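The next block holds one structure in the form of structure tokens; read it before the comments.
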Amino acid sequence: MSTETEEKYENYYVPEQSPWPIVGAVALFFIAWGGGNFIHQSTEIVETGDQSWGGLVFLAALAVMIYMVFRWWKDTIKESVEGLYSAQMDRSFKQGMLWFIMSEVMFFAAFFGALLYVRQLVIPWLGGEGNNAMTHALLHPDFLPQWPLTKTPDGTTTQAMGAWGLPAINTAILLTSSWTLTIAHHALKDNNRQALLNYTSITALLGIIFLALQVLEYHHAYNEMGLTLGSGIYGSTFFLLTGFHGFHVTIGTIFLIVLSIRCAKGHFTEKHHFAYEAGAWYWHFVDVVWLFLFIFVYLM
Amino acid sequence: MSDHHPTGFTRWLYTTNHKDIGSMYLWFSFIMFLIGGAMAMVIRAELYQPGLQFVDPNFFNQMTTMHGLIMVFGAVMPSMVGLANWLIPMMIGAPDMALPRMNNWSFWILPFAFTLLLSSLFMEGGAPNFGWTFYAPLSTTFGPPSTDFFILGVHMMGISSIMGAINVIVTVFNMRAPGMTLMKMPLFVWTWLITAFLLIMVMPVLAGTVTMMLTDRHFGTSFFDAAGGGDPVMFQHIFWFFGHPEVYIMILPAFGVVSEIIPTFSRKKLFGYSSMVYATASIALLSFIVWAHHMFAVGMPVAGELFFMIATMLIAVPTGVKVFNWVATMWQGALTFETPMLFSIAFVILFTIGGFSGVMLAMAPVDFQYHDTYFVVAHFHYVLFPGAIFGTTAAVYYWLPKWAGKMYNETAGKIHFWLSMIFVNLTFFPMHFSGLAGMPRRIPDYNMMFADFNMWASIGAFGLGLTQVYFLVIVLLTLKNGKTAEQKQWEGASGLEWDAMPSPAPYHTFSTPPKID
Amino acid sequence: MAIRRKLIAGIASLLSIVLSGVVQAATDMNMRPGVTETSNAAYDLHMMVIWVMVAISVVVFGAMIYSFIFHRKSKNYKPATFHHSTKVEMIWTAIPIIILIYLTIPAVKLLIKMEDASNSEMSIQVTGSQWKWHYKYLEHDVEFFSELDRSLTITDENYLLEVDNALVVPVETKVRFLVTASDVIHSWWVPDLAVKKDAIPGFINETWTAIPADQAGKTFRGQCTELCGKDHGFMPVVVKVLSKEDFKAWVAQKDQERLAAEKAAAEAAAQSWDMDKLMAMGKEVYDSKCAQCHQASGLGIPPAFPALKGSPIALGPVDAHINIVVNGKSGTGMAAYGPQLTDAELAAVITYERNAWENNTGDKVQPADIQAFKAGN
């Protein structure tokens, strides 16, 4: 290999000790512990009177976790600004981010897989397809296989969410946000600070609008359409897919807000802007997931 | 960078050093191994004779479940990550793992995750009792309250594994010393690279599975409930999409380990290096399309059963390539039989036997007879104990001189080996017979006709357990007053860790990259 | 060279003797061939794979052992330097593929046959629940529960493998089993028939068997093979095989029994029972049907199985109590006992629960109350 890599290699910065990981591990433990107890208390699995300390522990630990992330990133930002990070380190971060996104893809794949499996196989089987004639005849004689499944085998009914209202608007919003973010990214590479700041902020704003509309949609589903988490498999897949997507949009939006602030502070240079790129990739990933959602959850 | 150690307990809590983190992983996994093993002792004590002697059936199920979970997620996986941490940077000439702080986080999540999991033993209703495969609806609607802590614990382990895997991939792709091309990397690095890829692909799916469980349990969803249009069998599909690659996650790094050790003690280069790499990659790819061989009895359409049967049997081909390559490496070598070599040889033979029973299980029409009997238990202990555990044990004996700068007592090592070898077979071989005779797994009591096999298995198990405690003693004695090790402790060894650094390996290695030609 | 060859031959034959000895000598160590055409075919396939594996072992382990003996450093063996051979590697990729094809062909044939439940002459619905089996003959008016016979002890030959009511099937008939479950997944396995099918709640899996005529009068035993909770190990499957005529007679007898039982139940329901009688019968029913979960002490195993001692339902309004016992509670182990017990038994067990273990409500539930409840249901 070339001497160039060799030279950079010597700069590989191995951070000295850091307290944040262990703080994060403890916080994660209490998030799980508090969260688990909270679920138990609120669904009355364990009779504990009206105590709600589970929720409090959860929130406190969450706060510690956020603090930890903040401090950890502050350290990295400081190191980055001090110029400790070589191009090789940037590559480490970038590759790390890409593989992280890959793991997120697989997380969504589990839910998309469940959706497709149910639609393509389970519902027809319950309706007597394949080797399941007797399943239909003996166990669910009145069941009508269809998708969206508006009436489950046990008789729960719901309405299906159409594609051309809010979801279509949201699709447009996310597509636009991808476009604004790309403009911002190019502005960064061209060292156009003002455009960078403007377009990054607009993207974050679009994220917020998307989320607001999503809340509206859920409200509509719960209150007017009878579409809830409990509405059989249609509601299950609908809310878990869109819900986890919404959660990711939230993270992405926060990410974008932080990036906007850092843009305003002039943290990024044309060459060194790993954090910005990571945020952008993340946002595009969230976008692509939405496209799949729009097609498989709403349209088809 | 100077070679100064941070001291005190913050050395371990705050560390960013791959060697410290590697050691912590290894110790953690050994503790988990003892705890999981102690649970196996409970199982074997109960099964020593027919009749219910020590525990009630529900507690028995908790022991089975926790034993499986702890061995898989607490003992085997972290031990492999420990080896990766210690060895990969030294083998490819990197100063550390690529993302050292995250590395620390990956590790420290684990003790907390397992505290959460183990604490379920003391909760109302007891620990999870639905098997390590936690099939719905037994684990959803019918699971004990502690199931939720189990779910969250699995989430934590998943986060840890994913971060660990990302770290390995990035280190291998981005941190190799100049001249260390991919096809020059030691095979251990290759197997771990591929393992890390598997981890990233399947751990998130496991997270998805347990998330669906959680919402089915508490938020009214019906993923695994036919009444709402879901399907309990879908749980199994998603679980095994994770679960089958998971078993290769447990074995591939061990393949890597023996691929380092066998050439050393054969004083001959590894036979068929590149075919080893391709075979490992093929195993990994095939592992994504065979998952339903665990589900032949669930009533899949015949076409599905045929597909999964044939795909599964195909895995024997690349695995065979690996076995043959190891044999060819030994063939016409100048063999010596130090402890690591003994464990590696036993690995090859016993793993192959486990692989053979795997191929038998893969044949769907006969699997109807084997499925969920002790024959399956025999199969997977053969690939896991003399496979994954012997692999790690061999690695510890082989690299301990490098890690600690101290040499273990060879006689003690050999005693450990022979006892392990005898007892592992005494424990698990009779399980083939009890399975064929018709004994289902996960039962606390059985008919007289299975009594002999079970008695032998239990006797073997107690011996095996004590032998592993003896291993702990050997390691502790070595650390305390072992002889000083040489830089290149093994005559036939090669690789950067032996050629380019003293023993013990200094706290920081390769602050400037080595030259590789 | 000669010594080596002898050694190879020696090791190879030793290995095969040991292995074949292990496999063949003791038949009780091996899979049972079973009694049907398919079970025999499965057995044959099993033996075929074993022999293939033995053969591969001899070659692979033989080569290793040969190396251990002759290529050791202590014999001053000089290591060779080869580390690659495309030709050899091709060969040892191709040979396993051929072996696998050889194994796959009969396996595919057998699998397709085993999974073809069409053209059956008789259908039985098999429903697993915690922890018993329910059998329903679709063409006949016969159905019953089948539970572990807990009176046997360890020394009995059929300890854990005996039930109160065995499944009865005729010979020379293609019997289709429609396997399902009402709570968690179970699995219905009879090794001698080579039938194992998971019982999935909400779905029906089909499988079948056809038992040859010479097996009439025999009994085959198996167990539930999918972990289904606490008493998974105590859920045997017993199949009695009858000749065609005997089977007809058995069905007729079952019809008689059913009519008699209905009559007796009607009579029992018509009369009013006194406390002692209710309590005595109630205890009997409770101990055999309910105690495995709620425990004889009435303390249950909370939180999975609630205590009935002091339970708000056992102490509260009678109707709620009747309701949960008759209708069960879906999604829990509490099955609907309405169809499983007679009205008198239901009345008795409920009375028992309301008065045993210091529950002392003094309530007497009469069979007529149950009838009234069912009517209003």
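By letter and in written order, the chains are A, B and C; residue numbering begins at 1 in each of them.
Methods note: a contact is a pair of C-beta atoms (placed from the backbone, for glycine too) under 8 Å apart; a residue touches a chain by one contact, two chains touch by 3 or more.
Predicted model only: the values in this text are computed from it and were never measured.
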item	value
Pair joined by more contacting C-beta pairs (A-C or A-B)	A-B
Most central chain, Cα average position	B
Most remote chain, CA-based centroid, reference being subunit A	C
Between subunit B and subunit A, distance of the C-alpha-averaged centres to the nearest whole Å	31
Separation of subunit A from subunit C, taking each centre as the mean of its C-alpha atoms, in whole Å	44
Subunit B: positions in contact with at least two other chains	124, 145, 226-227, 231, 299, 302
Shared-contact residues (touching 2 or more other chains) in subunit C	115, 202-203, 205-206, 303
Multi-chain contact sites of subunit A, meaning residues that touch two or more partners	45-46, 125-126, 131, 139-140, 153
Complex contacts: residues of subunit A adjacent to subunit C	45-46, 125-126, 131-132, 134-135, 138-140, 153
Partner subunit B, residues of subunit A touching it in the complex	1-3, 5-6, 9-10, 12, 14-22, 24-26, 28-29, 32-33, 35-36, 39-40, 43, 45-46, 72, 88, 91-93, 95-96, 99-100, 102-107, 109-111, 113-114, 117-118, 121-123, 125-126, 130-131, 139-140, 149, 152-154, 156, 228-230, 232-237, 239-240
Subunit A contact footprint on subunit C (complex, rising order)	115, 125, 178, 180, 202-206, 303
Interfacial residue positions of subunit B with respect to subunit C in the complex	50-51, 57-58, 61, 124-125, 129-131, 135, 137-138, 141-142, 144-145, 225-227, 231-233, 266-275, 297-299, 302, 305-306, 309-310, 313-314, 316-317, 320-321, 323-325, 327-337, 345, 348-349, 352-353, 356, 359-360, 363-366, 368-369, 371-373, 433, 436-438, 440-449
For the subunit B and subunit A complex, residues of the former touching the latter	1, 6, 10-11, 13-16, 94-96, 98-102, 104-105, 108-109, 111-113, 115-116, 124, 145, 148-149, 152-153, 155-156, 159, 162, 165-167, 169-170, 173-175, 177-179, 200-205, 207-209, 211-212, 214-215, 218-223, 226-231, 234, 237-238, 241, 299, 301-302, 508, 511-513
